[in-house]
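Two complexes come next, and they have one chain in common, subunit A, joined by subunit B in the first and subunit C in the second.
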Partner chain A sequence: MTRYVVGRVLQAAVVLWAAYTLTFAILYLLPSDPMQLQLAAAGVQEDSLTPEQLAGMKAAFGLDRSVGAQYWHHLTGVLHGDFGISLTTRQPVTDLIGARIGPTLQLSAAAAVTALLFGSVLAYLATFVRLGPLRVLLTRLPAVGASFPQFFIALFLIQFFSFQLGWFPATGTEGIAALVMPVLTIAVLASSVLAQVLIKSFDETLRQPYIVTARAKGLSRSAVHLKHALRNAALPAMTLLGVIIGTAVTSSIVTETVFTREGVGRLAQEAVLSQDVPVVLAVVTLAATVFVLVNLIVDLLYPLLDPRITAGEGTLL
Partner chain B sequence: MTLVSITGLDVGYLRRRQVHPAVTGLDLNVAPGEVVAIVGESGSGKTTTANALIGLLPAGGRITAGSAIIDGVETAGAGERTLRRLRGSVVGLIPQDPMVGLNPTQRVGHQVAEAVTLRGVAKPAAYAEAITFLEQAGVPDPELRARQYPHELSGGLRQRALIAIALAGRPKLIIADEPTSALDVTVQKRILDHLGGLVRDRGIALLIITHDLAVAADRADRVVVMRHGRKVEEGDPRAILRDPAQAYTRTLIAAAPRLAHGGRVVPRFDVRDQPQPAPILTLTGVGKTFGTFRALDDVSVTVPRGRTHALVGESGCGKTTTLRIALGLESATSGSVVLDGTETADLSWRAFRPLRRKAQLVHQDPFATLDPKFTVGQSITEPLQSFRVGTRRSRQARARELLDQVALPVSYLDRLPSELSGGQRQRVAIARALALEPDLIMLDEPVSALDVLVQEQILGLLADLQRDLGLSYLFVSHDLAVVASLAHTVSVMNGGRVVEDGPVATVFTNPASEYTRELIDAIPGRRADAL
Partner chain C sequence: MTAQVVEPVVVDAPTETREISGLRATTAQLIRRPLFLIAAAWVAFVLISAFRPGWFTGYDPYATDPAAAMLPPGADHLFGTDIYGRDLWSRVLHGSALTIRATLIALGIAGVAGLGLGIVSGFFAGITDSILMRFVDVLLAIPGLLLALSIVTALGYGTLPVAVAVGVGIVPGFARTTRAEVLRVKTLPYVEAARAGGASWARVLLRHILPNAWGPVAVLAVLDAGVAIIAIASLSFLGFGAAPPAAEWGTLIADGRNYLITSWWLSLLPGVFVALLVLSLNHLSKTFQELSR
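After this line comes the complex of A and B, so read on.
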């Protein structure tokens, strides 16, 4: 068990490092000059500076060093929680993200929980309901939900619930009411994907011979579903948990833009537009960390839910 | 007063808005405490009958006519609520495959206790009672086993746990659907003996569903033979064995080696007085360890050219490992393997490849061994393609020739495995193994997943092919009845060692070891002895 945990944690660390390095490489190989970007952001003509001034500025930002040295400098900085200075605002990147992370965390967490709830309930109903037409409807619903682009869902929600009914504000970051529509926007897609996998898994599980054994005992239908099918059916869908939460985080870029929420997603969108390399790097690393952590948690939860996972040790045949 | 009273029962499956009959006009009674066996091949309607009794027909299945009264309750047309009251407490079920019959994410004891609580027993008491049931079902160390998960138990123990579940509802009837066909013969015998004793002591009626008339005849008070959904014959097993009324019953008797020869096991080939041909495969002093586990210890096996050598033993005896080493799929830790004059024990995968044309494999499970997306023609010609033999056209011609050799119509070339029966699939697998004209074919339990009648046909085909093509077989099986009808020589294996070897005729008539005697004794059909 200890070996399993240590192994998974090490794997997660390696994945995270690889994600960071890859992002660094891509961003620094871009054909733009970070110095020029900065000058443009500050509204200074490059011609108006003497070569000595330019060199001084480069040295101040560490841009005169080799790529390897810059990478090492950044990596050690990141390990100490320092993501460098934003090229456009000249504020520490850590402060920028710190100021924006609250709303994004709220949004992502609420969206992930909602998606889990909607997806599971829908899948359960679709397999438990016996009325033919209703069953068909419930089974097809996820495919419909998964086919709508998120910006379309967002615009539809704004049009209907804000402009026509006036129930929720169309923009803003404050309060629960402002959270409802962005959460729904993300949850529709994520819960649809989850429900699709769960329904398939449920159908598969209900055809297993041990379900016949359970029914032959005289258990009621709901007892068979809840006590014997649910846990076995949920196992394959567990892997999706990482994807769902990941989707919730990455979807925040589109969602925060549409609903003008002051979050990390919007920060990322602005940073990409102005090619603010340190900020983009930090946001990507942050997203990768969330992905890796969620998947790590899923991996560590697996043996608790499926006794066969650690079967390598102590098998008695 | 009968416990089960079935009259004029019709059961059908609804497919594409048409009812396909599975059981037609069945009459069957079971008295309390009686042991009745339904015998028939796949598709005979025997399992459908059992499922209908307990109200567990698969989706689309329904009772279309007649009545099935169990313990005074009509089940034809009954609702879920009525059927639920019967399940567990009146009718217990022991399902077919113990490997998949238990919930993999629940502890064994909990699964037995669940059946006890349905009788209204409170949870702590139910758990204690569950352990008693496990003990009664013959599970050693029941407290430990109850705490374990199904994957930690062997197939035999899982089957015993399933028996405990069936007992836990205190039923009046237990339906055992091919209860042990997935298990080794010796385990099968022990479990069926034990189950027989349990129901006798408790006065529980037992309905055994099986494809093997020998199994049925050994244990039942009454045998019912079914075919194509109808009852063919019914009566006392001794009377049926002595004087079968129907031709179909006679073919079933002929297919069971022990029944066919009045209780004796008579090998098909007797090579006691013949000189042994030169070997095509020789394993000498082969050892294999996995970590600290010794899978094989000083195993020596010889397959004479043009003959069949059988490796016999129970699960875990090392017979499959020996086969894998002979095929070069696994490397031996020590010893030598000589295939057709070439030492292969130390060959790399690449160096072994040309030799693969000489030795081919037919696998145990015909349902898993064919790629479901390949047509029969694609499966058969794949080995030719991979060794770049012939042109596209000549390969097609070869495929037709091969289908002819395994007695399948040429029109099957474009079929998919899902359109074939188990026996037909195994014929395709044999045709594929023959494609490269090998000298040696390794047969890994080639008939253990098939009905006795189909087994008989496939074994006949293998014997014909050997005679016509001069093939040599290395044949792995846990079933001595099958070995008797195919092999010339045999090695009996136990715990990774060869305990006895020689001509089948010698080993079977005069076994030198206690273990071999036990295996022979486990071949069903003992009742025929008394005739």
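After this line comes the complex of A and C, so read on.
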């Protein structure tokens, strides 16, 4: 068991390092020159600067060193919680993210919880209801939910709940009311993904012999569904927790942009627009960390929840 | 659901007549599904309109007409008009050209790279497999949209960078599915029989493994076309797509957002258009999956 845990933690660390390295390689090795991009963004002609000025600016951002040296400098920095300096605002990236992570954490957490709730209830009903047409409708609903682009759902909610009904503010970061529509936007997609898997899992569980046994013993359909089917069906869906939280985090980019929330997602969108490489690298690393950590926790918990899976085999990739 | 098409599981290849009757049965089954027909028709319409938008609209997507600005949807202008009096229906159809092309490029990248990785990984197994699959794990550890954002940051804006970014994002799924299928088919008796019959590995791979492994990959491709469309639309919505006045679907929806309160159709109608396409693609992929069971 200890061996499994240590191995799994090490594996997560290696994947995370590799993800960071890959993102670094994409951002620093591809053709664009960060210095030129930044000068262009500031409206400065490269010719108007003396070579000394240019060299000085490059040195200030560490761009005068070889890519290998920059990589090493950045990697050691990241391990100390330092993500470098933003090319556009010239503030430390860690401060920029720190100032805006609150709203994103709120949004992602609330959206993940809402998605878990919606998705489970939908899957539960879709497999419990017997009325044919209603069952078909409920089973098809997740596929429909996953087909709408998120920004469309966001705009639809704004049009309906803000402009028509006036219930919630269309934009803003402050207060619970401003959180409702962004959370709904993300929850539609995340719960659709969850419900699709849960429904399948329910269908398989309901075919198991112990379900027949429970029914034959005289338990009611609802008791069997709640006590026997739900717990067993929920287990495979647990591996989706990483995907749901990952969806909640990535969705914050589009969602925060539409609802003009001052969060990390919007920071990422602005950073890509101004090609602020250190900020993009930091946000991607942060999201990958969340994703890898959640999957690590799920993998470590899984053998505890399902004794049929013994640690050391099966869940290892 | 009871499987009505029974795949002949035999060591030799299925005979010609069996294949034809199987195909006929499948076609007959498909025709009996009205939802499938509607979905297929919509996908076909959007595909055709992407390459020949002129067939379905008489308006120039860039022609401004101040007198006809902000008209609601009607008989003259199916989707209404925007602030410059440009016909929205025509702009959506011309947007198809950009978005569908980007989708095809993305799928092409994912298909070539994903199929390649999957085949090599599944066929050679061992250390090659371990290395390639660890690489795929790393790609999967970076959430798709964020991987796409890094690529767009590095490559710049436009339809092509967005297509490349989205394509790279769906490579891992392709690689994994292809690998799993190749691994499955590789152990089947007919592969062994072909090898025993003296066929080279290359021939076995091309003639026996690939044709039998590509079904689930094709289903995934249809499904991923929907995923790619949403991703491409999202990236262009965020402002990383083609430069104006050309407008991808995402850009159209983003532009309409400023007039949401008075002219809802500018954002919502193109949105419905996109959603219907993705929904149709999902339905097609699901139907194929059910039939192949």
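In this text, the second predicted complex is superposed on the first by the 305 of 317 C-alpha atoms of A that agree within 3 Å, B and C clash if a C-alpha of one lies under 4 Å from a C-alpha of the other, contacts with A are read in each partner's own complex, and residues count from 1 in each chain.
Definition applied: contacts are C-beta pairs under 8 Å (C-beta built on N, C-alpha and C of every residue); 3 or more make two chains touch, one makes a residue touch a chain.
Please read these numbers as outputs of a predicted model, since none were measured by experiment.
Participant: May I ask you to name which of subunit B and subunit C touches more residues of subunit A?
Facilitator: C
Participant: Of the partners subunit B and subunit C, which touch A:R90 in the superposed model: first, second, both, neither?
Facilitator: Neither subunit B nor subunit C is touched by A:R90.
Participant: Which partner does A:Q269 contact after superposing on A: first (subunit B), second (subunit C), both, neither?
Facilitator: Second partner only, subunit C.
Participant: Which of the two partners, first being subunit B and second being subunit C, lies in contact with A:F152: first, second, both, or neither?
Facilitator: The answer is second: A:F152 touches subunit C but not subunit B.
Participant: Quick check for you: in the superposed arrangement, does A:I26 touch first (subunit B), second (subunit C), both or neither?
Facilitator: A:I26 contacts subunit C only, not subunit B.
Participant: Could you tell me if A:V277 is touching subunit B, subunit C, both of them or neither one (first, second, both, neither)?
Facilitator: Touch status of A:V277: second partner only.
Participant: Based on the superposed arrangement, let me know which partner A:V292 touches: subunit B (first), subunit C (second), both, or neither?
Facilitator: Only subunit C is touched by A:V292; subunit B is not.
Participant: Going by the contact rule set out at the top, does A:A214 touch subunit B (first), subunit C (second), both, or neither?
Facilitator: first
Participant: Which parts of subunit A are touched by subunit B and by subunit C alike?
Facilitator: Residues common to the subunit A contacts of subunit C and of subunit B are 317, listed in rising order.
Participant: In their complex, what parts of subunit A are in touch with subunit C?
Facilitator: Interface residues on subunit A, with respect to subunit C: 15-16, 18-19, 22-23, 26-27, 30-32, 143-144, 146-152, 155-156, 158-159, 163, 246, 249-250, 253-254, 257-258, 268-269, 271-273, 275, 277, 280-281, 283-284, 287-288, 291-292, 317.
Participant: Inside the complex, what are the residues of subunit B that reach subunit A?
Facilitator: It comes out as residues 54, 56, 80, 84-89, 91-93, 95-97, 100-106, 111, 114-115, 118, 148-149, 151-154, 162, 165-166, 168-169, 316.
Participant: Hey, which residues of subunit C end up touching subunit A in the complex?
Facilitator: 133-134, 137-139, 141-147, 149-156, 226, 230, 233-234, 237-240, 250, 253-254, 257, 260-261, 264, 267-268, 271-272, 274-275, 278-279, 282-283, 286
Participant: Help me check something: in the complex, which residues belonging to subunit A touch subunit B?
Facilitator: Contact set of subunit A toward subunit B: 208-210, 212-221, 227-228, 231-232, 235, 305-308, 311, 314-317.
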